[in-house]
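Beneath this line is the structure, given in structure tokens, with notes to follow.
For reference, chains read A, B, C and D in written order, and residue numbers begin at 1 within each chain.
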Amino acid sequence: MSMIKVGIIGSTGYTGKKLVELLLNHPFVEITYLSSQRYKNTFYSSVYPEFRKKLNLKCETLSLDKVCKKSDIIFLCVPHTTSMEITPHLLKKNKKVIDLSADYRIKNPRIYKKFYKVMHKDLGNLKKSVYGLPEFFKEEIKDADLVSNPGCYSTVVLLSILPLIMEDVIKESVFIDAKSGASGAGRKLQEGLLYCEINENIKCYSPFVHRHIPEMEEVIYRLTKKTVKLNFVPHILPLSSGIMVDIYIRLKKFLTSRDLKKIYSVYSSQPFVRICEDLPSLKNVVGTNFCDIGMRILKEEKILLVVGVIDNLIKGAGGQAIQNMNIISGLSQTEGLM
Amino acid sequence: MSMIKVGIIGSTGYTGKKLVELLLNHPFVEITYLSSQRYKNTFYSSVYPEFRKKLNLKCETLSLDKVCKKSDIIFLCVPHTTSMEITPHLLKKNKKVIDLSADYRIKNPRIYKKFYKVMHKDLGNLKKSVYGLPEFFKEEIKDADLVSNPGCYSTVVLLSILPLIMEDVIKESVFIDAKSGASGAGRKLQEGLLYCEINENIKCYSPFVHRHIPEMEEVIYRLTKKTVKLNFVPHILPLSSGIMVDIYIRLKKFLTSRDLKKIYSVYSSQPFVRICEDLPSLKNVVGTNFCDIGMRILKEEKILLVVGVIDNLIKGAGGQAIQNMNIISGLSQTEGLM
Amino acid sequence: MSMIKVGIIGSTGYTGKKLVELLLNHPFVEITYLSSQRYKNTFYSSVYPEFRKKLNLKCETLSLDKVCKKSDIIFLCVPHTTSMEITPHLLKKNKKVIDLSADYRIKNPRIYKKFYKVMHKDLGNLKKSVYGLPEFFKEEIKDADLVSNPGCYSTVVLLSILPLIMEDVIKESVFIDAKSGASGAGRKLQEGLLYCEINENIKCYSPFVHRHIPEMEEVIYRLTKKTVKLNFVPHILPLSSGIMVDIYIRLKKFLTSRDLKKIYSVYSSQPFVRICEDLPSLKNVVGTNFCDIGMRILKEEKILLVVGVIDNLIKGAGGQAIQNMNIISGLSQTEGLM
Amino acid sequence: MSMIKVGIIGSTGYTGKKLVELLLNHPFVEITYLSSQRYKNTFYSSVYPEFRKKLNLKCETLSLDKVCKKSDIIFLCVPHTTSMEITPHLLKKNKKVIDLSADYRIKNPRIYKKFYKVMHKDLGNLKKSVYGLPEFFKEEIKDADLVSNPGCYSTVVLLSILPLIMEDVIKESVFIDAKSGASGAGRKLQEGLLYCEINENIKCYSPFVHRHIPEMEEVIYRLTKKTVKLNFVPHILPLSSGIMVDIYIRLKKFLTSRDLKKIYSVYSSQPFVRICEDLPSLKNVVGTNFCDIGMRILKEEKILLVVGVIDNLIKGAGGQAIQNMNIISGLSQTEGLM
């Protein structure tokens, strides 16, 4: 087949970099354009020397028109609010856009404003955008012009919990204790992200108010017409990559292992979700596009623990973006990702 | 005052080592005896070179009689089951014993058997032993001959949750997501404790069935005559020392910050418990005997998050043991620990 | 082209595991046999859950005859001394063998005995074996039946220093300060490899007497007929993967940057060696088969620092083994490795 | 004895913080003043919550006159160039100053200018300042008004190598491969200090041109009248605290272990230098004021490896500053440091 021409706007953050790395392994992709807010007219391999002998492209600053001329599909790895400035121009040129920012994740503009502190500026495309969680939105993604790539926490929480909500077995609001490596916070110059602040430390941040909460709750409602409150508490841990979520659930009725197996069999043909016999370890998914999910029942209490793990930069960002690109392009979901 | 002569049986595990280190800073302690299952007739500073120019003692293998002759107070840092073999001999010689093993933590021998898989062999002393959590058992510790030093998880969970239980504000069983550094597992030769297995990884272990659960539930009942089920799920993280517990609680009624302040004012005169305005970071207690506790209320849901942190080898083991020794010896609790 | 059938004897150590992982990405390889001393008749994905949905093979314990029937090329990831027991049988069956142990690295059996404390038992094949450093032995590897894959330290030191020795610019014995992640020591149950022993620590081991020294010195002599003494001092650091070597060299005469560029241009067509403008960081090669090399001259002193970095499990083991397999099989060196 | 009143200017960087922490353990010190460029009129325990219930002081911004009224001894933990602005005022008020910046370390103002890129502004005090390496300058420190606390690398390199230089056994310029934890770089907002940049990485920086080189060479000459060139190459490693230096030395003549023992016996009465039988591990000194030194001879080559380790923030900064304060104040060197 002919090569897909791909442009990446915002290619030098941790997300952009991982996306570039993964796209280089894709047999049907040619990267045609890279940009960076910070590095202009600079070889990508000068910014990141690990790309020498692998990628011979410069970070450029072309007009969006010119970017569109060079690319079939454009990935946006830019901060939120920037994305909704750029996207309309790209879509007008009939380009496919996969947006890794938060701008098109929340359909309700009031909720967007509440959590991101700005008015949404592109309501038309917001409405048309498709949520890029292929395990649940594959059909919509196929025909989408604009895919909004889910948040990292949202990806692993939704995959872990949606089958239970669909079966309507959850009794009340759930508790989610999330544990993330430092790359989840991006490559920002903040004191809290210095090595000596994170090493040998654990920190809890934004308990109950993290921006991925409304995103998850909205997607749950859209898919199931059920309202499930997520009491979500994220932590930053001394490791580079990966997220584990522990979801504590009170069940309406007791479930057997067999019941659970059946409930999660919804993923049996999904290439990137693995249901584990035991609780999953983070290591098993770091460096991959897999989401591993395991459960443990506490029988006498009708309590269920679900543990999900992903690599936040792959299944939680760049890998999932490529999975979406594969679907849009009519390729196998796993192309370039195994 | 005259020096307290202290013997340590089992001095070369992580717990024993930390205890030795802390005792060397104590102005009123003289270490008179050290033993080790593994290193016999070996200078402690050969086993651990960091003790050169600080401690000039050998690990010996004297009879318990001779140990008693040399020591006023004896710390046991031995595996469970070993402790209940040794303790009766020491108590007969009228020595004070501070046991850092699990043998005297659970008063109910059937529960002990269920969780530790052996019959308890020293029921008489089990009955008389005092649970060494000074914030709640100080008066009993004063006169105790045998203090059972609490488990590391138990220490931080109990300190974090007991004030709430005393006020009877908890609605149903609570969820506890615990995060521990690798030293919590001891210095054992297990594959799962190798550097490459723990680094860049998170693992969940013994969910809902950890041995500290019955210990905590029993202490809660003893103190409050209330039964609170603890759904406890521990994790091992890539750091050496420290424990954070996130306790997720559904409240009977809504509490204000002022209510919480009042409830936790039970610790106002406790030197080693600090109630934080924000949620505590692990780093703030590593290397100290402090337990830091913070809370966050989710008003509309009557949900409360309590986060507690300790250094597992200090407040969770050796430091608390010294705090107990100070109390037994009529010293200030903080002596040698600040 | 038809698939290469590959067997791996000793597939569950860190080296074997990385080899399996890399071979799964190789478009022309089919893994037909896996064995493990420890896990018998066990699914590989039970031993290592990260291989679920990727590899559906069991660790078997077939006779060598049967292994030969299933495989074209056999990789040995076994301890030294085991390898020289197995290899003759495989070669007799006309199989190609790539040995990742130390058994065939040192041609001189007396030196082998001195450093590995056993007599060599397979002198015939030792003589015929080819040293698997493709950048210098590609022609021999093409026709080899038995390739001895170099030691991890040897790989990076030799690649970093050989061009200088060939130009005869080194004045006297060199100093090599090597820094390795913990995986270099293998998945052994040793106290020194526990997380708490390696984390926040640096340890120097086997200074001047490491087993890779005679291997390197012998290869240098074989290639250049020059004797260069390597004063080699390795350290273990708190990270999982990767080696950096700092080589301190006194030069016979002053060299300019241009001279150095010319000297190292020997690698200009080598796909896996990258000469850097700056000194290389470890991160740039971890997860890849690259060896990055940088230099810094101290003009007034005729002193040269050469810094080389590799991933010890890839270019230092499994990746290089596949590079050798590619050469033997007439494939591009980079097949499956980019 | 009466308490020493101590002020700290620049108390919230990593060095200042460690100094505060150590001073709180000193039985004869009262901290009377803390300042910070960044946190003004803020409780120290708000900046660093680990100090709650331990230190009840605010960071203030008093005039230097007022600072002098409150303090007997003033520690400066400020950036270089700031220190030489402040020091003259403090000395005029007859205060003792211990400067942890680089401003008074190099006596030769031309060298200072070359390496720090500014003219020295306080030549008079520069001349009178005493280099605060107590193992070699104790007598001068006793009577000093201004002590210049050595650089972290300088401390461990000088302690490791000076005995050899005094005996005149070193043949030519030496190679020093230094390995430092991330706290050595301070609490600066630089991309290179982010967790994800340092974790699982090793980086070499400022090879042959680090600012501690002229400091070390000057002190060597001052003490021994010998010129020894130090080819110094530092690295940053994924750990928080600690420095290891590997010094590679060619000897004029062969030395036995006994010779070495005698040469290093110069430290036999020094409380904070420990000569090791084996090569020292970093862990043994982290958290302490010790410098551990070990050696390994390569007989046939007349080559000597000396390995020295310290905690960069303690013996390499705050601990050594207190050691100097003890000497100035007529206390035992070890007061508050054991």
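Assume contacts are C-beta pairs under 8 Å (C-beta built on N, C-alpha and C of every residue); 3 or more make two chains touch, one makes a residue touch a chain.
Small disclaimer: the values here were computed from a predicted structure and weren't measured.
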Farthest chain relative to chain A (centres taken as mean CA coordinates): D
Chain pair, B-C or A-B, that carries the greater number of C-beta contacts: A-B
Centre-of-Cα separation between chain C and chain B, whole angstrom: 46
Centre-to-centre distance between chain D and chain B (centres being mean Cα positions), rounded to whole Å: 37
Rounded Å distance between chain A and chain B, as computed from the means of their C-alpha atoms: 40
Overlap residues in chain D, where contacts from two or more other chains coincide: 197, 199-200, 238-240, 281, 283
Sites on chain A touched by chain B in the complex: 173, 175, 177, 179, 181, 197, 199-204, 207-208, 229, 231, 233, 235, 237-242, 244, 246, 248, 279, 281-283, 286, 296, 298, 301, 303, 305, 307, 309
Chain C residues touching chain A - in the complex, by the definition given at the top: 24-25, 48-50, 52-54, 200, 271, 274, 276, 278, 280-281, 283-285, 287-288, 290, 292, 338
List of chain D residues in touch with chain A within their complex: 14, 182-183, 187, 189-191, 193-200, 238-240
